[in-house]
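Both complexes shown next keep subunit A, but they swap its partner, so subunit B is in the first and subunit C is in the second.
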Partner chain A sequence: MTLAVLVLAAALAAPASAAVNRCAACHGGIDEKHAALVKGFERDIHREKGLTCAACHGGDPTKDDAAEAMDPEKGFVGAPSKADMPRFCGKCHSDPAAMRRSNPSLPVDQELKYYTSRHGKLLKAGDGRAASCADCHPPHGMRPPKDPTSSVYAKNIPRTCGTCHARQSSDYRAGVHGVALLEKGDTAAPVCNTCHGNHGATPPAAASIAMVCGSCHANNMEFFKASPMAKAWEKKGFHACATCHGNHAIAKPTPELLSGSHAVCLKCHAPASPQLAAAAAMKGTLLSVETAYASAEAAIKDAEVRGMDMEDARDALGQARMAMYQARTVVHSFQPAKVQEVAGGGADLARKAEGEARAAVLDFRNRRIGLGLATFVLTFLAGALYLRVKDQE
Partner chain B sequence: MKRRTFLNLAIVSGLAGTASALLYPVLRYLLPPEEAEAEPETVKAGPEKDFAPGSSKILKFGRKPVIVIRDLAGGFHALSATCTHLDCIVQYRKDRDLVWCACHNGNYDLSGKNVSGPPPRPLDRFEVKLVGSEVTVLRAA
Partner chain C sequence: MSALKDAALSWLEERLPLRSAMEFASHKRVPVHRGDVFYYAGGVCMFLFLLQVATGILLLMYYRVGSDASYESVRYISAKVPFGWLMRSVHSWGANLMVLFIFIHMFSVYFMKAFRKPRELTWLTGCGLLGLAMALGFSGYLLPWNELAFFATKVGTDILGQVPLVGHWLLRLVRGGDEVTGATLSRFFGLHVAVLPALTALGIGAHLLLVQVQGMAHEHEARRTMPFFPDFLVRDVALWLLVLNLVGVLAVFFPWEVGRKADALGSAPAGIKPEWYFLAQYQFLKLLPGRVGMVPGELLGIVALNGVGVWWLLTPFWDAAVPERRRDAVVRWAGLGAITLLTVMTVWGHLS
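So, the complex of A and B:
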């Protein structure tokens, strides 16, 4: 154990900076908790940047004597309290000169932003449960956000935020964005901080939700903002997109949202109203293109498993899919005729693709029949030849 | 019918059938296929005059969609038209002079590099050459 600590201490003292660092020699041997801290720091991004324990905790790391090494006269501050944490990290992270030396591309307004966040405001008000720097960036082993082992790597953020916000994290995982990120591995899918911000994390206000969602779903936002619904939403104080789609557990939108017992339109409009009739018309149009698409896709798969080349049909199906997506987007204009215009083209393309697939399957069957016939003819010929030769003899 | 006559007839029919079975695939091979060539090296995009500065056209390069863009300065660019995020078809935005994917607001510059939004990698690039007054797209070397 002592040898391991000495080796580790030497390793910690060695890297980018040649500065002497005796801290690990003592702290690594105190108990398991301290040994883990020392071990964790071995792969900490701060260490990689040449910083040692004293860069954060102060004191004199060249001294073997504990009292001398941890002398407040020599700037020793020890471990900060939660309330002091933002200032503690901000010593460097809010100092442009310090950050220019270690990571010039990193912004220096995290501390400033933190105090504008819900977390920062609560902490300032004395709420010890509010998240501070170390809650999201566990010290002594901290990794940059692009490192898959980092607590703030995209795929790990739901877990990190979920430490406190368990329900929201669980809802997110079940939603379309959580599935895209965590199950399909799409690291471009939005995660907690995409909508809430990170250091300045705060729930988006009702007025800004459309902008937040619209940063990816740009056309949906444009159609919605240009529709008469936008003003009605504003008057009623609705939370834009979240009113129909929810927030964390955003379900994959289906035509069922428009009409029927699960229709979100029913929140405001009567079942027999003209608005619900328009919604039902849009639902019918979407269902029509979706059904044509699903049928074409099944037919293409059926042809592909038989070894038929379906590249052209796949291409037509791809165009149909685009039209289907566009039709779903145009729904946000709340104009059934526009939806029909876009979706109709998509359904035609899907039917064309299905026709090609069915023709390919027919071709496959014809080939098998041809093979059977050819085999029969050859067998028949062989038999006839055999008998003819025998007859000759 | 005599046995020998029947057998002769059967052999002639069998030979004719065998010849047909052999000739049919040969004929199918010799006739030009209905579908376009799968992996062409070049594709004509149309006369230069059809491409005003700040315009674009989506065409098929074999079976893949390619977007040919004439930028505001008059230069030509050809890129794969399939977004690298979720395979939507991209479009040229004259107002921003970049390539845009409407599905999730992904943006690429005219060299195909993904510059903002969800796309994880650049669009594949193609070469564009003027052959006489004809805009021709070539597979990138």
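So, the complex of A and C:
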């Protein structure tokens, strides 16, 4: 019986001794830098997955003696050099068996992809400035990408990449995508790695720009690829979307891009050319639907402020907005007639919505006039009855 | 013209006791005194009920019942039907004003001690009519099937579930199931447009009959009286016109909202509260702790509220049991206490 109790106690104690991690006891007291590393690791994703210091650095974490604990014969590797970092992390991240245990959803080709990236190639060529794993994923406190405190959380990526690519990061912040992500908080907005990839990060080539942008702006890409412009640009080696819209500092597209002093078409076409005339026609069409839309929206708001039900007008306005967006997309076909066809329908819907809103405001005024008349009649009758009462008295 | 009128009257007289009715009416008199202005409150209640019936019938022409139709039809009434918005707003404001005037009428009768023998039955029918008006308000509130209506009905009917023994059965009976659904809407609709108006019409008939049979209270004490026809009636109608005017102004300047469609899976809108005439009870229930000893606080509250209701209903009877020299003072202080408590709890409920 006593023996059985002892065996059971030993069995229960066994897992506890396996989790012993004496590294922190010494390293936490070396200096402030090491203390911060030890403290940072307390909330590291690797620790949450059950890994200890020894899982990356090797050695024997159960020993109090430094020489024994950091004995190279026991697998101690210490801190890896920058050049060795991808292989160091790849010990687990490139090992399907290891990743299946801790995070089966994570791909195991990250190291492989890294070496195809510009960063990886430069590092391999001996450029010590090239970013390696720890430059984007600071160790000892690493958090998963969905954690808002992570260096690779969508809203933090421009800052992380901007550590080296300051100009591009600054341009991105000023562009539509940066504004959507950082100012409007839309975490679905594209960020650096959406276009460049992450572990295989590379600047998109001229031919692949349309594919990169087209992964979100699919219709724009389709219209552009089917247009006569696509072949001409291919010949000239233009970056499809970036030639007109820029790359990192992508400005909010307006009809002004088509014609006038800010027209991007002027980069290639003469001001008096038929191409510029077509662009001016498309600009006019877009402006006309935008004006009709804005006017209808103002009229609807005016009616809604007065408490009038504008559900139907809102529906029509929603359809007009859809047509307006479609017309902007169809511009990439560079065919004014097609743009007119789509935008014209939208403008008609907007005018219909505006008509309903104006009628509602008129109805609102008529209600008050009606109330005034009714009040007059009722007060007159009540007054007449009052006089009758006085007469009786 | 006069000959034609006489002929018509004599034709009717042969078939109806018209002259005797007119003769009876011509002798009906109303006391004139300091508080006679409150006599008009009852007439206003009846006028507002008739206004509710008229606007209710017009709304019925377009209203469709069902969880997939009610909200849409109310929206349609408010937005598309000519003067639909007016009918709906007048109906909603009229309902609120009707309850308000019933309260004014009830308290004026109370403080004039007009409930005393032989008018106990008039008081009882009046209390019954207040209950019917509140039931009409509660059932009508759900019919637009918007968020507020849905959650107010959910909270209101939840209270029924707290009744011991039969609570769950009552809850299922009222809701037509365990939850507030289209089935609840159907039965509330049936109650609102058929059962409750019919009972109210009968109640008003009985109430008026009792007033006729017993005459006005204090008629013999008053120094002066005035004939009901036409003097009092003319004043009555003048006031009705002013009330109609008030309803019109409220309907045009503060139209009743259509709100957002009820969503059983959505969360209750912030700051949701019942209609003002249920606020005092609601605030009282809110103040109670979860448990008082072994008894759930809510159950205790419901018992207490019902107790107060029964005590109020039985006013003519406990009043008669109070020694005569203290009777007036007891009635006055009990009434002032009731009004103060109702006002404080309602305002508190509104502000909290």
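Keep this in mind: the second predicted complex is superposed on the first by the 375 of 393 C-alpha atoms of A that agree within 3 Å, B and C clash if a C-alpha of one lies under 4 Å from a C-alpha of the other, contacts with A are read in each partner's own complex, and residues count from 1 in each chain.
Note that in this section contacts are C-beta pairs under 8 Å (C-beta built on N, C-alpha and C of every residue); 3 or more make two chains touch, one makes a residue touch a chain.
Being a predicted model, the structure only gives us computed values, none of them experimental.
Asks: Can A:Asp84 be said to touch subunit B (first), subunit C (second), both, or neither?
Replies: Neither: A:Asp84 stays clear of subunit B and subunit C.
Asks: Kindly classify A:Arg388 by the partners it touches after superposition: subunit B alone (first), subunit C alone (second), both, or neither?
Replies: Both: A:Arg388 reaches subunit B and subunit C.
Asks: Using the touch definition from the top, say if A:Gly318 reaches subunit B (first), subunit C (second), both or neither.
Replies: Touch partner of A:Gly318: subunit B, not subunit C.
Asks: So, does A:Gly307 touch the first partner subunit B, the second partner subunit C, both, or neither?
Replies: Only subunit C is touched by A:Gly307; subunit B is not.
Asks: When the two structures are overlaid on chain A, which partner does A:Leu378 contact: first (subunit B), second (subunit C), both, or neither?
Replies: Both partners.
Asks: After superposition on the shared chain, which partner residues are touched by A:Ala189: those of subunit B (first), subunit C (second), both, or neither?
Replies: After superposition on chain A, A:Ala189 lies in contact with subunit B alone.
Asks: Counting touched residues of subunit A, say whether subunit B or subunit C comes out ahead.
Replies: Counting residues of subunit A touched by each partner, the higher count goes to B.
Asks: Should A:Arg368 be classified as contacting the first partner (subunit B), the second (subunit C), both, or neither?
Replies: So A:Arg368 only meets subunit C here.
Asks: Could you look at A:His217 and tell me whether it touches subunit B, subunit C, both or neither (first, second, both, neither)?
Replies: Touch partner of A:His217: subunit B, not subunit C.
Asks: Same subunit A residues contacting subunit B and subunit C, which ones?
Replies: Comparing the two interfaces on subunit A, one with subunit B and one with subunit C, the shared residues are 311-312, 370, 374, 378, 381-382, 385, 388.
Asks: Where on subunit A is subunit B touching in the complex?
Replies: Spelled out, the residues of subunit A in touch with subunit B are 186-189, 214-219, 311-312, 315, 318-319, 321-322, 325-326, 329, 370, 373-374, 377-378, 380-382, 384-385, 387-388, 391.
Asks: Under the stated contact criterion, what part of subunit B meets subunit A in this complex?
Replies: Answer in residue numbers: 3-4, 7-8, 10-11, 13-15, 17-18, 21, 24, 35, 38, 60, 63, 65, 85, 87-89, 102-105, 117-120.
Asks: Can you list the residues on subunit A that touch subunit C in the complex?
Replies: Residue list for subunit A touching subunit C: 307-309, 311-312, 367-368, 370-371, 374-375, 378-379, 381-382, 385-386, 388-389, 392.
Asks: Which of the residues in subunit C end up touching subunit A in this complex?
Replies: Subunit C reaches subunit A through residues 75, 78-79, 85-86, 230-231, 234-235, 237-239, 241-242, 244-245, 248-249, 252, 255, 257-258.
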